Amino acid sequence: MSANGGKTALVISAHAADFVWRAGGAIALHAEKGYEVTVACLSFGERGESARLWKEGKTLEEVKAIRRAEAEAAAEALGVHELVSFDLGDYPLRLSDEDRFRLVDLIRKVQPAFMLSHSQYDPYNTDHMYTTEVVLECRMVAQAWGHNPGEKVLGAPQLYLFEPHQTEQMGWKPDTFLDITPVWEKKRAAMECMQGQVHLWDYYTRVAQQRANHFKRNSGGQAGGRDCKYAEAFQSVFPRTVDEL
Amino acid sequence: MSANGGKTALVISAHAADFVWRAGGAIALHAEKGYEVTVACLSFGERGESARLWKEGKTLEEVKAIRRAEAEAAAEALGVHELVSFDLGDYPLRLSDEDRFRLVDLIRKVQPAFMLSHSQYDPYNTDHMYTTEVVLECRMVAQAWGHNPGEKVLGAPQLYLFEPHQTEQMGWKPDTFLDITPVWEKKRAAMECMQGQVHLWDYYTRVAQQRANHFKRNSGGQAGGRDCKYAEAFQSVFPRTVDEL
Amino acid sequence: MSANGGKTALVISAHAADFVWRAGGAIALHAEKGYEVTVACLSFGERGESARLWKEGKTLEEVKAIRRAEAEAAAEALGVHELVSFDLGDYPLRLSDEDRFRLVDLIRKVQPAFMLSHSQYDPYNTDHMYTTEVVLECRMVAQAWGHNPGEKVLGAPQLYLFEPHQTEQMGWKPDTFLDITPVWEKKRAAMECMQGQVHLWDYYTRVAQQRANHFKRNSGGQAGGRDCKYAEAFQSVFPRTVDEL
Amino acid sequence: MSANGGKTALVISAHAADFVWRAGGAIALHAEKGYEVTVACLSFGERGESARLWKEGKTLEEVKAIRRAEAEAAAEALGVHELVSFDLGDYPLRLSDEDRFRLVDLIRKVQPAFMLSHSQYDPYNTDHMYTTEVVLECRMVAQAWGHNPGEKVLGAPQLYLFEPHQTEQMGWKPDTFLDITPVWEKKRAAMECMQGQVHLWDYYTRVAQQRANHFKRNSGGQAGGRDCKYAEAFQSVFPRTVDEL
Amino acid sequence: MSANGGKTALVISAHAADFVWRAGGAIALHAEKGYEVTVACLSFGERGESARLWKEGKTLEEVKAIRRAEAEAAAEALGVHELVSFDLGDYPLRLSDEDRFRLVDLIRKVQPAFMLSHSQYDPYNTDHMYTTEVVLECRMVAQAWGHNPGEKVLGAPQLYLFEPHQTEQMGWKPDTFLDITPVWEKKRAAMECMQGQVHLWDYYTRVAQQRANHFKRNSGGQAGGRDCKYAEAFQSVFPRTVDEL
Amino acid sequence: MSANGGKTALVISAHAADFVWRAGGAIALHAEKGYEVTVACLSFGERGESARLWKEGKTLEEVKAIRRAEAEAAAEALGVHELVSFDLGDYPLRLSDEDRFRLVDLIRKVQPAFMLSHSQYDPYNTDHMYTTEVVLECRMVAQAWGHNPGEKVLGAPQLYLFEPHQTEQMGWKPDTFLDITPVWEKKRAAMECMQGQVHLWDYYTRVAQQRANHFKRNSGGQAGGRDCKYAEAFQSVFPRTVDEL
């Protein structure tokens, strides 16, 4: 819950652009609904996900500055409440216990209604699965009454795993499809902030279109599901608690 | 959707008592919410789940009559809209294509918002997994425009798998916990209609208490989840389509 | 091996259109390479996959005739050697032992270098998984020296499982990506023969574009994989035997 | 339990030779311990597993007679109490409900302390996985008080799955290694009764030697496990109930 | 094996109370059988599992002292041979290589016939799965002839994984049910030593009652399994080596 | 690709002898085909896999020297291009980030067409699974344009997992069988260089014979697969990209 009593969400992204491709729609949609959505980028993806910039001969600092600027512009386009850059380096990403406690602090500060992060397996990109491993640990620490006693402890927010590249190789199985049609233009605008990965704009547009097809199928089948033009898919780590099936 | 425009649900139970132990709370709760809940019992569990009656020397017809009466009383206690007994025999249960089309007819007549049935694997009780195999096939047929053209086709209702005995042996993993505290007395009353399985009354009371603990844990953790005294757990076969995470 | 000593392949499709969406590229590509590709359609998908025709009020025979014509046109466009329509009905599909032996006869006649069929799990469409179950059984029978002794027995062709809809829900994991760029126009043309499922033309075009991205990623990563515009993905059931890794 | 109060076991084999290769050691060992071991062969493997005989031009009846004789000789070598040939045909194997009730009758007659059958998945040989599916159903029926009331119902014998060919492809994972060194000569002798599959004698001798290595490793590691020259491996379907870990 | 030649066992618990809830019955039962059971608590669970004490305003040292005293009292009640407190901190638990070698030393000193620890997956409590990861590594090191050469190396003790909370979420599947009825009063007494977790006393009493039901079911089914009032369940990591099935 | 433009491969072995038992045939075969095969041994297996030497009272330095000499002799026998000993210690094996970057340097230097390493799970030997975890991370870093910019980045070589001991316990499933008959004498000679593990010579000879049987089965079944006397089996981590199925 936010300082002013509104709902909040927290996205934890290994590299600066991940939150855009994989959860941009969810961010923009919930921002429109009044959620304060915080995004934590653990690195800028400077070494591993900025091939074009390196080919152009940029230095490390230049690459990071450019990636930071792109992430900020994308966050702006999506209506992100706060973008927190941990700047921990990538390929490989490493979090010391001190770094993890910073993340715990952020989780407790945000008190998210739900969290978003990467798939639990990714043999192509070990930073991704490492991030989720860290997030699960930090979620647990944030729940502990004995960690920084006196602070407000965390409840039990769902952790949604956003869509990885090559889903089947990651053992990722979505159980929740979110209609992002109302905010599609924002997601597309945010993607277009990522100038170094132009080839991914259309790729993730198609992902959203395919997921919209799945949304329709699962909301009504051949009887005519609910119309949907763009969607995002997520896998839940924890079960839901409900009052109606 | 029911004839008068209200919501509906359909429970498909291999043997007469399964719907009581495994989904009695969900039935009573949704009945209270105004759903018309239909229960289909494919058999009375006369051969395989009526040990006490056989030990007493009852005949097959007597066993079936007693089981039918118990199921009807339990359905009454739970507020079931209609109890449909297919009377197909058990141990083993078999459905011919004609039997399956009867089930398709029922599914189409009910037009359920959601369906409930057994786990997909059960090496102890093959009738259970067979039932879910049949239910998935019948759900598909009910969706086909070319099956009995002119009838209203089925949409895409969720199929929830209710809790089997010895959950871990069945590979069943719940993703949805339902608070049944408000209707607990009805579930207990329905269970007490099953006079041949007295030893299960307390067993399934404890199941509900354990699931309530899980409900609390998943709704808030150590920060204090929502209070809950009795719950039921379900596994979803299909993904959800949502407008908010 | 074909009568004239060339290579052969066999595609087994539950419904008339499946081979087009899921394996049209593989068919056209291997046809261009000189393979004789036989397609077996176990049904026309007349009841379950022809919603538009039923809404237009067509009769069963009309629906089947239209679907048959579409399948033949698509097969023509892809360069299929022979299209064999088993006409067994769908939703649900059923094969008697006699039907299965017809399929065994076909397998033996074709003596395929590889076979293609559906995923092994599909809770949305039980005809699909049933087909693969049947295919595995028939492959085994075709290998038996004691089945119709004197006939040439089958070797050990790979069985590739083609891409299902909503791959992650089916537990399908591709291990083989095939570049179908050279024959893309043929696949698109074949898809456009399916007049009742216009909404799927673009859907499967996007599938091919996404799989092309995966082809590039797996053939070279950020170092610049091989260019590819359209691809199809497959899962192998059996291991490969090789002389070089 | 046997008529004279001794322990009993039941092996259910799809084809006549399976019990020899996969469980010959377990059979001979338990026979030596005083168990009455019954073996049920559902078919002779006449069509699918008698390639050499068909190549020699034998007729179906000749093949069956030869296979029966081999199975009987092998059973004799192993000390089998009773060999029951169901003679149901193979490739594919089919059991009607009547056939299944014959198997239930046998299970009840034997009242086995444990049962042995095939792996639950086998894409190479669907008769194998079909057999285990049938065995689980028949075990359930045999436990039902309402099936042939008055007969002694079955308890809850373990079902061990014996070692399939190409274990990893079958998803079979052994949890129990049995030292068969004391009866190795009997197993070898039984294998040598199978004149049509000479190439398998050494294959399964090596299997036994490899499993002996695993037996040693699991009984003591580098500290020096218990010596063992030949072993067989099994996967349990059901959990064990014990008084000591 | 203990110094005086008796049998030994080793329980490795992430937090001070885990051994009580999850393996208290196994400990008390084997102690009664003459085993010397050593319990290693890697932390006191001071930060993460002592919510009540923190709410009361206790300091870290006070929390640890109270938790230590509770663990010692519980160990006493169960007949534990030696309780070794590693005092490594929790939420998150961390073991340096030096800490791990202390654990290796303990394993070698105890020379356990079997070991007990946590499930291999736990998204709620990463300390738990981390502990088992460490235990497997330390078991391996303890087996190495080159680690502290001259010491007695470890054999190949089974590692049993005790029951986690919300078993299905952890992917934990029990294969061994232990009847703890004879020592139930001791387990209950030990649980009642944990004053900060009163709500768990009845929870784990119900767990024991449900597992007793499973014990009966697996020891005899409807034929009347062995009576059992309280049980504990375990999953084995390694296969068993036996002389009789 | 090698300096002179030929093909290359890289084997990464946790302990000095692993590459011999598990991939000796693949190494010798590809060396004969003109590949430059580099082998990286992360440790000598001095503590954990040299029991005989420790029993003889050797010192750590003596053990390492002997193991190094054996590995070099085996590499020579197999035609290894370069054997790189990282000498990082074993039981447990640990790689600092600096060590990992050395491995990245090696990967980039070799530019392998394919890589070989251990299975992804191994509860008996955590060094094995740790190695593959490290290899996946280093493969990713070697692909990053921002890691040591200016160096040639890695493409997307397949990572094959070679055969572990007790395959089923490791969850390892081979998808590729390699015929090593032409180089069998070299593999046997290399194995005989490992004087401390004489008991494994015949064990791995039998492994090769069993895998040859599987090679034949998968290359042609009962129709007569391709003859093969010795084979090795591998599991692929990544999908293949092909132009023909």
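We just call them A, B, C, D, E and F in the order they show up, numbering each chain from 1.
Basically, contacts are C-beta pairs under 8 Å (C-beta built on N, C-alpha and C of every residue); 3 or more make two chains touch, one makes a residue touch a chain.
If you want to know which protein each chain is, UniProt gives these names: A, B, C, D, E, F = 4-oxalomesaconate hydratase.
On a predicted model such as this, the values are computed, not experimentally measured, just so you know.
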Can you give me the shortest step count from chain A (4-oxalomesaconate hydratase) to chain F (4-oxalomesaconate hydratase), moving only between touching chains? 1
Using each chain's Cα centroid, which is most distant from the centroid of chain D (4-oxalomesaconate hydratase)? A
If you tally C-beta contacts across A-C and across A-E, the winner is A-E
Same or different residue numbers at the chain C (4-oxalomesaconate hydratase)/chain D (4-oxalomesaconate hydratase) copy interface, by half rule: different
Report, in whole Å, the distance between the mean C-alpha point of chain A (4-oxalomesaconate hydratase) and the mean C-alpha point of chain D (4-oxalomesaconate hydratase). 52
Determine the centre-to-centre distance between chain D (4-oxalomesaconate hydratase) and chain F (4-oxalomesaconate hydratase), using the mean Cα coordinates as centres, and give it in whole Å. 37
Residues in chain A (4-oxalomesaconate hydratase) with touches to at least two other chains are numbered 51, 124, 143-145, 169, 174, 214, 217, 222, 238-239
Among line, ring, star, complete and other, which one matches the pattern of chain touches? other
Those chain pairs meeting the touch criterion are A-B, A-C, A-E, A-F, B-C, B-D, B-E, C-D, C-F, D-E, D-F, E-F
Would you mind writing out the residues of chain C (4-oxalomesaconate hydratase) in touch with chain B (4-oxalomesaconate hydratase) in their complex? 46-48, 50-51, 54-55, 60, 63, 90-92, 94, 123-127, 169
For the chain D (4-oxalomesaconate hydratase) and chain F (4-oxalomesaconate hydratase) complex, residues of the former touching the latter: 51, 124, 165-169, 171-174, 203, 206-207, 209-210, 213-214, 217, 222
Contact footprint of chain E (4-oxalomesaconate hydratase) on chain D (4-oxalomesaconate hydratase) as seen in their complex: 9, 26, 29-30, 33, 114, 143-145, 153-156, 158, 160, 174-179, 214-215, 217-226, 228, 233-234, 236, 238-245
For chain E (4-oxalomesaconate hydratase), which residues count as touching chain F (4-oxalomesaconate hydratase) in their complex? 97, 100, 133, 136-137, 140-141, 143-147, 149, 159, 237-239
